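Step one of this worksheet: look at the structure below.
Every chain is named by a letter (A, B, C, D and E) in the order it is written, and numbering of its residues begins at 1.
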Amino acid sequence: MGKLVERPEPDVIIQSYLPEVWNGMKRTSRHFFANLLMKKGIATIQYPDEKVTYPPRFRGNHRLMHREDGSVRCVACYLCSTACPADCIHIVAGETDDTDVEKAPTVFEIDHLRCIFCGFCEEACPCDAIRLDSGEHRVPAFCRKDEMSGKEDLLSRGAPSVSKQGGEFK
Amino acid sequence: MSEWASDSVKKQFPDFVLETHRQHGDDTLLVSREGLVPILEFLRDDPALDFCMPLDVTCVDRIGLSEPPESETDPMNPMLATHTTPNLGECDGPRFEVVYHLRSLSRGAMIRVKVRVEEDDAVVPSGTAVLKGFNWFEREVYDMFGVRFSGHPDLRRMLLYPEFEGHPLRKDYPRKGYQPLMDMPNLDGDRVPGLEE
Amino acid sequence: MGSKAPQKAPGADKDLKTEYLTINMGPSHPAMHGTVKIILTLDGETVVDADPDIGYLHRGFEKMAEAGTWTKVIPYTDRLNYVSPLINNVGYCGAVEKLLDLEITERCKYVRVFISEISRICDHLTAVAASALEVGAFTPFLWAVQAREELYFLIEMIAGARVTTSYTRIGGLRWDLPDGWVERYEACEERLFRMLDDVETLLTRNRIFIDRNADVGVMKADDAIGWGYTGPCLRAAGVDYDVRKAVPYLVYDRMEFDVPVGHKGDNFDRYLIRLEEIRQSVRIIRQVIRDIPDGPVNVDDWRIVLPPKDAVYNTIEGMIAHFENIMKGVQVPAGEAYYSVEGGNGELGFYVVSDGSGQPYRVHVRAPCFALMQGLRDMIIGGLIADIIPTFDSINMIGGEIDR
Amino acid sequence: MDLTFLLLTLVKIVLICFVFAMIMGALLTWVERKLSAAVHDRVGPNRASIMGVTAMGLLHPIADMIKAFTKEDFVPAGANKALFALAPMLAMVPPLVVFAVVPFGPGPNFVIAPLDTGMLFILAIGGLGIYGAALGGWASNNSFALLGSLRAAAQMISYEVSMGLNLVGIFLIFGTVSLSQIVLGQGELLWGWLPMWGIVLQPVAFILFLTASMAENKRAPFDLPEGESEILGYNLEYSSMRFALFFLSEFVEIVVIAAVAATLFFGGWQIPWVDPQGTAGGWITAGQVAAFVGKVVFLCWVQMMIRWTLPRFRYDQVMTLGWKYLLPLSLANIVVTAIVVAML
Amino acid sequence: MPTLKIDGREITVEEGTRVIEAADALGIPIPRFCYHPGLPVAANCRMCLVETNRSPKPVPSCYDICQDGMEVQTASEKVKEARRAVLEYTLLNHPVDCPICDQAGECDLQDLYFDYDCKPSRHAFRKAHKPKARTIGPRIVYDAERCINCTRCVRFCEDVAGAPQLRQVHRGEKTYIDVFPGTELDNPYSLCAADVCPVGALTPKDFRFKCRVWFMKGVQSVCGECSRGCSVRLDTFKNEVQRVKPRHNPNVNQYWACDAGRLAYHRFDEGRLAGTRIRGEEVAYFDAVARFADAFQEAIGGGKQVAVVLSPFMTCEDAFAALTLLKAKAPGAVYAVGGRVEGEADDVLARADRNPNRAGLDKVMGAFGIQPVPLDTLHEAVHPVVLVFGFEHEEQNHARMALQAAELSAVFTSLDNLGDVETYAFPTVTPYETYGTWLNEFEVLQRVRPALKVPGEARQARAVVADLAERLGAPLDVASAPGLFDAMAVAVEAFSGLKLDDVGPFGIKLSEKPADPSDEPDAEEGAESDDGADAEDAADIAEETAATEEA
C-alpha cells in the first residue's frame, strides 16, 4: 500500500529561518567556489566553439547516399514521402538510361520548415538512400527559400552506401 | 475481477442498457440517453462497484464508421477502397456516440458507458451532477462535436475561441483550411480556402 | 507553524468597501507555461474568482491523427506531454496493440518500462524544478534541469532525439537499446542523486519554501477523486492510486516499488511526492537492469512491424512487406480500446477506435492535466495571487497535453 | 565655504557617487551574472568582445548600457507621462545621495559631507526610495504594475521601521549618530584583542538590519514588488534607459547597504589592530580605504549569494516577518542593549 | 441449377458457373492472378486453390465448375498453406523492384503476399534474368522479370481486343511474354492489357513514373470520347488527372476502355479559356454578365433572331438550364447541335459518334419541342444573336462562321478554340470538373463527377446561365445539378420518375428505370437537400484537392 511521504516537522530549526539559510548558503557557496576557483563542474557547453558529439542515433540533417559510381541511390519510390507525417518531402521521378534501375529523382526536396526529424523517411527507405545520421543539427536560415534542401545539397552530405541495392541474389 | 460491472448494471437497469460488450477486456455499456444519469449514479454509489473516479468523456462521430456501399469498390482495384475518404453518408444508428470512462478505485477496474444521440437532437444529460469531474470533458465534447449536455453548469467552448464556427472533430469538418475571423488574404491575394467553400 | 498565514490579504477586510480588479494572468505570462490564461477577479491580492482558459496550444492532435496511418500518430504523441514524451509513445502504442490483441516481446516490455521511468524522472524533475523557480528560487531550478539534462542525453542516445523521441513502434520499438546504456544510465543516476541532494538542501527544510507551499492549494481526497485527479496530485491527497499498481501494464506487476502518498494534498505534499517518486523510479530502473532478458524487441510479424532492413534490401518478400506496411499502414481490426499508463502527471489514457482500415478512426487522449486543470479553480480561490503560481505549478500543467 | 572646499567636495562627489557607486553598480550587474552562473554551474556572459577581447564578460555592462541607451523609449498608452518619466529618477537619486555621509577612510577628507547626524540622514533619504517604485507602478497604467507598486510601498514602509530601530543599539553603544564617530568607536578593542565592531556587539541587530535593508531594496527573497513569476513587477512597462535606471538603482542600493553595514557593523575603514584613530598617513590610509572597499565587496557578495539561495516570500509572509518578527526583535534588542549599556 | 456450400454458406448458381464466381457472388474473397471475369479461364497461376469435397487435393476454383452438393473450403489451413506455397514459388524469381515499379500499391502480388504469406524468403540463389523495361508497343512498357506468366494480357489481346499480338516465349523459368517479331502491341485497347496485368510487368508509358498509385484519388466518372460513355475512374493527384482507368460496368463497357478515351484527358490541359472576355478584353465576370444580359435583352426586344449552338458534351442539367432560360426569353430561337465529327466505330467498344451526350441532349431538346437544324446550315441564314455552348466543336468552322456573322454573340466554353470571333466569352468547365448526367447511345444514364477543382475564373455552364437568368429577370428555380435533375425528371419524359440517387455506379438504363414512384418527396424540400449535397460535393473536391496538394 501507499507509503506516506516524510514531511519535515516545523521544528525550531526550521521556524527560525537562519540555520537552513546557512545550510543553503553553504551549498551555493560550495558550487560558487568550486566553479570559480577550480573551474570544475561547469555543465554548459560554449556552443559555437565547442560542440557536443551527438550519439550515433541522433536524427540530424538529412543526406542522400551515393552508389559506388557517385550517382544517387534514391530511385524515387516515394515511400519516404508516404511515411512522412509532415508531408515535407517533394519528389519528382524521372527516367534514367540505366536499364537496371530505370528510375531516379529529378527533384528531391525537403522542406525543413515542415520537417519534424522523426526519422520515418529513413525507416521507410527501401534503398538506404535517405538517412538522418549526418550528426549535424539543422541550422536556421534567414529566409524560407534557404530552408528547402535540394538534391544537390542533400547529396553533398551523403556518402557511399555499401548495402546491396536490388538484392543480394540479383 | 470476479464479476463484470456491466452485468450488475444490466441487472439493475434492464430497460436502459441497450448493449454490452467486453472487447479487449474493456467493460462497455451502451445505454439509452434517459438511463445515463441513473446508471452513472448507480455506478458511483453501489459499494460493490465504486466507480467514483471520472476518467474521461469523449465522443465518436460515427458517420464514417459504416461500410462504404459494396458497389463503390472496384473488384479489380482493391487499393481504391483503402484510399477513399470516409463515407459521409448515412451511418447505421445515431450519429454521435458520447463515451464516458469511469474508474473504480477499490477494484481498479474501468468501465465505459456510451450514449448514442442523433445529430439533430444531439443533447445528452450531463454527468456533472453525478461526478463534477466530467465538467471540462463535456465542455470539450461540446466544443469539438457540438453535442450539448443538458444540465451542464458551464457549457462554453473549451479549447477553441467563442467565435469559432463549426465543430472540428466532426468527420465532415474539412481537415485543411483556415477559419479566419476576418478576411485573411493569402500570398496570392486570394481568399484562403476554408469553410466557406 | 508560521504557515497559518491569513488566507486574506491584510486590509482586505470585508467592512472596507473595495473594488474588484479583473486581470488576465496569461496567456503571455512568465509563469503560465504552455500558454494558459487565468481570468482572475481580485479583491486586493485575494483571489475571488478564477476562470482558467485553455486552448492556446490547441493543435488539433485528434483531427490530425485521423489523417494518416496508425504509425504516423507516433510523432504527434511526442508533443503531448513534451516533458515525458516516451511515456506518451508507450501509451499510444500500447493502445493500438491492445486493439490488435498483440503481445509484445518480453524485452520490449522491459525496455518500455525503462524508458517510461526515465521519462517520469524527467517529468518530476521538471515539476520540482519549476516549483522552485516559481517561488523565486532560480538555483535549484537550474540544478534540477542539469540533472534532467543527463537523462535527456541518455534518451538521445536511445531514441535519437531528446524530446521528439518517436521511439516506440506498434509492436515494438524503433531500435533496441544501444550498447553501453547501462553504464550511461549509471553515470546519470549518480549525477541525478547529487543534484537532487543539492536541490533538497535548498528547498525541503527551508522555511520560506515551506511557507509558500504548505497548506497552499489544498485539494482534499474526495474532491480530488471527484475532479478526476490522478497521479502525484491525487496521491498527495492521500489516495493510493497508481495505474502501475491498480491496473499493472507491461511488467510493472513484477516490479517492487512503493506508491508514495501525501498527508493533506497541498503543494508541499505534491513536491515531496514527486521527489519520492523519482527515487521509486530509480528503484524500478535498477530492477529492469537486473532482470531485462535478451531477445528481439519487435514482434515477429511483418504485418505489424517493418521487416529488418537486410530483408528489405535483399529479398522481394521483405520489400513487399515493407511497402505494404508503409503504404497502407498497420491494418487494425475494427473495434475500440482504452489503454492507460501512468504518465508523469497521472493517468494518461488513449481511447482508440478503428474502423478496420489502416487509418485511425478516432484517437482520443485522456490527458491527466486536463482533469487537474479543472480543479485548479477550487485550489486557488480564496488564496492570494502569489499562491496561484506555486499551485498552478505543482499540478505541473503541460500545455501540449491539455490542449492537444 | 571657500572655493577649495567646494572643489574638493565636487571632486569627492564625482569620485564617490559617480565613479565608486556607479561603477560598483555597473560592475555588480556583471558580478551578479557571473556569480549566479558560477552557482548554477554555468559560465555566464562572456561573449561581448572588442577586437576579440572579452575580458571575462566585463564588456557586457558596457554593451548593456549601449543597448539601454539605444532602445526605444516606450510609454504605454494611458500612462501619466510626467510621473512615468520621473519615477526612475526618483529611484536612482536617493541611494546615490546616501553616499554623502559614508566615510570611506579616516578623517573628513574621505567623506563628502561629514554630518554629525549622518545616520539620520541615511534613514531620511533612504525613505525616499519608495517614491520611485510606487510612482512608477502607478503611472504605468497597468494592473500588474499597480499591484507591484502597492506591494513595494507597503513593504518598504514596513521595513523602514525595523531598519531604523536596529540601528538604535549601535547609537546607544557608541553614543553618537555620526558615522565617522561610530567608525572611530569601532576601532577600539574589547578585552584587548577583539575589535569592537558592530557585528560583535550587536550580532542580532546586524542580521535584522541586513534583512530589513534587503527588504528595503526589494531584492530576493523580498522581491515581491517585482515577483517576476507572479505579477511581473512595478517596472514591467519600462524599457530602455528608464528600466536601466530602476535596474541600476537596485545595484547601487546593494552598494549602499553594503557600505552602511560595513560602516556600522564591520568597522568601516578600520583594519583591526591597525591605527584605530586613522591618523597615520600614506600606505596605511590607503590600506584602510581598501579595507573599507573590501568589506563593501564582501557584503555585496553576501547579498548576492542570498539572492541565489532563497526562494521568495509571499506578500503576507513578508508583512508577518516585518511586523511580527523583526519589529519585536529589534525592540527587544534595543531594550537589552540599553540595559546592558546602562549597567556598564 | 446446382446448389453448393462455400464456407458453410449455401448458394444456388447457374449451370456451368465456376466456383470462384460463386464465391465472388457471396463476397467470399478468393485470391487470384490469372482469373479475370472478363477473360477466358487459364488456371495457370494456382493462386485460387480451394478445398472441395470432390477432390482430395486443392483445386483451382477458377476452373472448377460448381456441382450440386459441393462443399468448398476457401480458408482452411490446407488451402492457406497451398496458397502460401504458390506465392513463395511465384516470388522466387521476382526482382526486388517495388521501388521502381509503377504497379506498387495496386499490385496483386504485393497484396496477396501480405495477406497469405508474409514470411521471409528462403531463396538464396541467383534469380533468373529476363529482359527489363522493353518498349513493346507505342503505349506499353514490358518488364519480363516482373511477369508471373498469368497470360491475362495474352488472352485479353486475343479474345477481347481481337488483336492477338502477344504470346509466351521460351520455357520454364525463362518464359516471358513477347510480341511477334516485327510487330508491336499497338491495338486500340492495348492499355487494358496493362490494366489486367496483376503485377507490374506491363505498364502504361503514359503513366510511367508519373505518380504513385496510393497518392491518387479515384473519382468515378464517365469517358467522353464516344457515345458509348465508358465508365471510368479518374485518378487524380495535385489537381491533375494522372490517368484514366476503365471501371467495371456490365451495362456499358464491361471492364474495358479504349486507349484514345483514356488518353483524352491530355486534350484539356492546354488552351483553356482563361478569363471572361468581351471582344478579346478581359473583364470582370459580373460586369460581362450584366452587359451581355442587357445587350441580349435589347436584341430580343428588337425582335432579332437568336441562334443557339448546343454541344453534346454538355451535361443534361446544363442543357436543361440553358434551354429553360432560352425558352423563356427567346422562344423563337433556332437551335443547332455541334460536337465532334464522326469517327470510326469498331466492334469492341468505340462508337462512330464521338460525343458522349447526344442522346441526352436530344431528350432534353425534345422536352422543349426543339427541332435542331444541322450546324452546317446555320450560317446560311444570318442570325444577329448567336450563343454557343460547349467546349469542343470540331466542326468549328460552322460555328465560327455563325459567330462572325452575328452582331451579338456569346460563347460558353472551356477551351479557347473558336478564335476571337465572339463578342462575349464566358469560361466554363471541362467534363472533368463538372457534375451531372450523360445519356449514352444505348440510353444508359450515367453520372459525371468532378475530379478536379475548377480553375480560375471558370464556372459551371449552369451557373453562368443562372446568373444571366437572374439579370434577365427570369431566374431559374434551381441551379444546382441535383436540383436541375429533379426539375428535369418532371419536364423530360424520358427521365420521369428518376432520382439522381437511382443512378448508381453502373448508371441506369432508361428502359429499366423504376416505376413512377408515388412516395416522391416534397419537391422543394428535395431540391433544398440536394442543393446541400451539391455544396457538399464541391467542398469534398476542395478538400480532396487540398489534401493532395499537401502531399
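The rule we apply is simple: a contact is a pair of C-beta atoms (placed from the backbone, for glycine too) under 8 Å apart; a residue touches a chain by one contact, two chains touch by 3 or more.
Values in this document were obtained by computation on a predicted structure and should not be read as measured data.
Between the contact lists of chain A and chain D, the overlap consists of C.
Relative to the C-alpha centre of chain D, the farthest chain centre belongs to E. When chain pairs are compared by their number of contacting C-beta pairs, A-C comes first.
Farthest chain from chain C, judged by C-alpha centroids: E. Annotation: 25 Å between the Cα-based centres of chain B and chain C. Distance between chain C and chain E, defined via averaged C-alpha coordinates, is recorded as 53 Å. If you average the Cα atoms of chain A and of chain E, the two centres end up 47 Å apart.
Residue positions of chain D touching 2 or more other chains, listed in rising order: 39-42, 308-310.
Each of residues 21, 24, 27-28, 31, 43, 79, 82, 126-127, 167, 169 in chain A touches at least two other chains.
Residues of chain B in contact with at least two other chains: 175.
Here chain A touches chain D in the complex through residues 18, 21, 24-25, 27-29, 31-32, 35-36, 41-44, 46, going by the rule given at the top. Interface residues of chain B facing chain C in the complex, by the touch rule stated above, are 23-24, 26, 28, 52-56, 58, 60-61, 64-65, 82, 86, 99, 101, 103, 105, 108, 110, 112, 131-137, 140, 144, 157-161, 168-169, 173, 175.
Taken in their complex, chain D has these residues touching chain C: 36, 39-42, 143-144, 147, 220-221, 223-224, 227-232, 308-317, 319-320.
Listing the residues of chain C that touch chain D in their complex gives 2, 5-6, 9-10, 21, 23, 29-31, 45, 132-139, 142-143, 146, 202-203, 206, 208-209, 211-212, 384-389. For chain A in complex with chain E, the residues that touch the partner chain are 75-79, 81-82, 87, 93-95, 99-103, 126-127, 166-167, 169-170.
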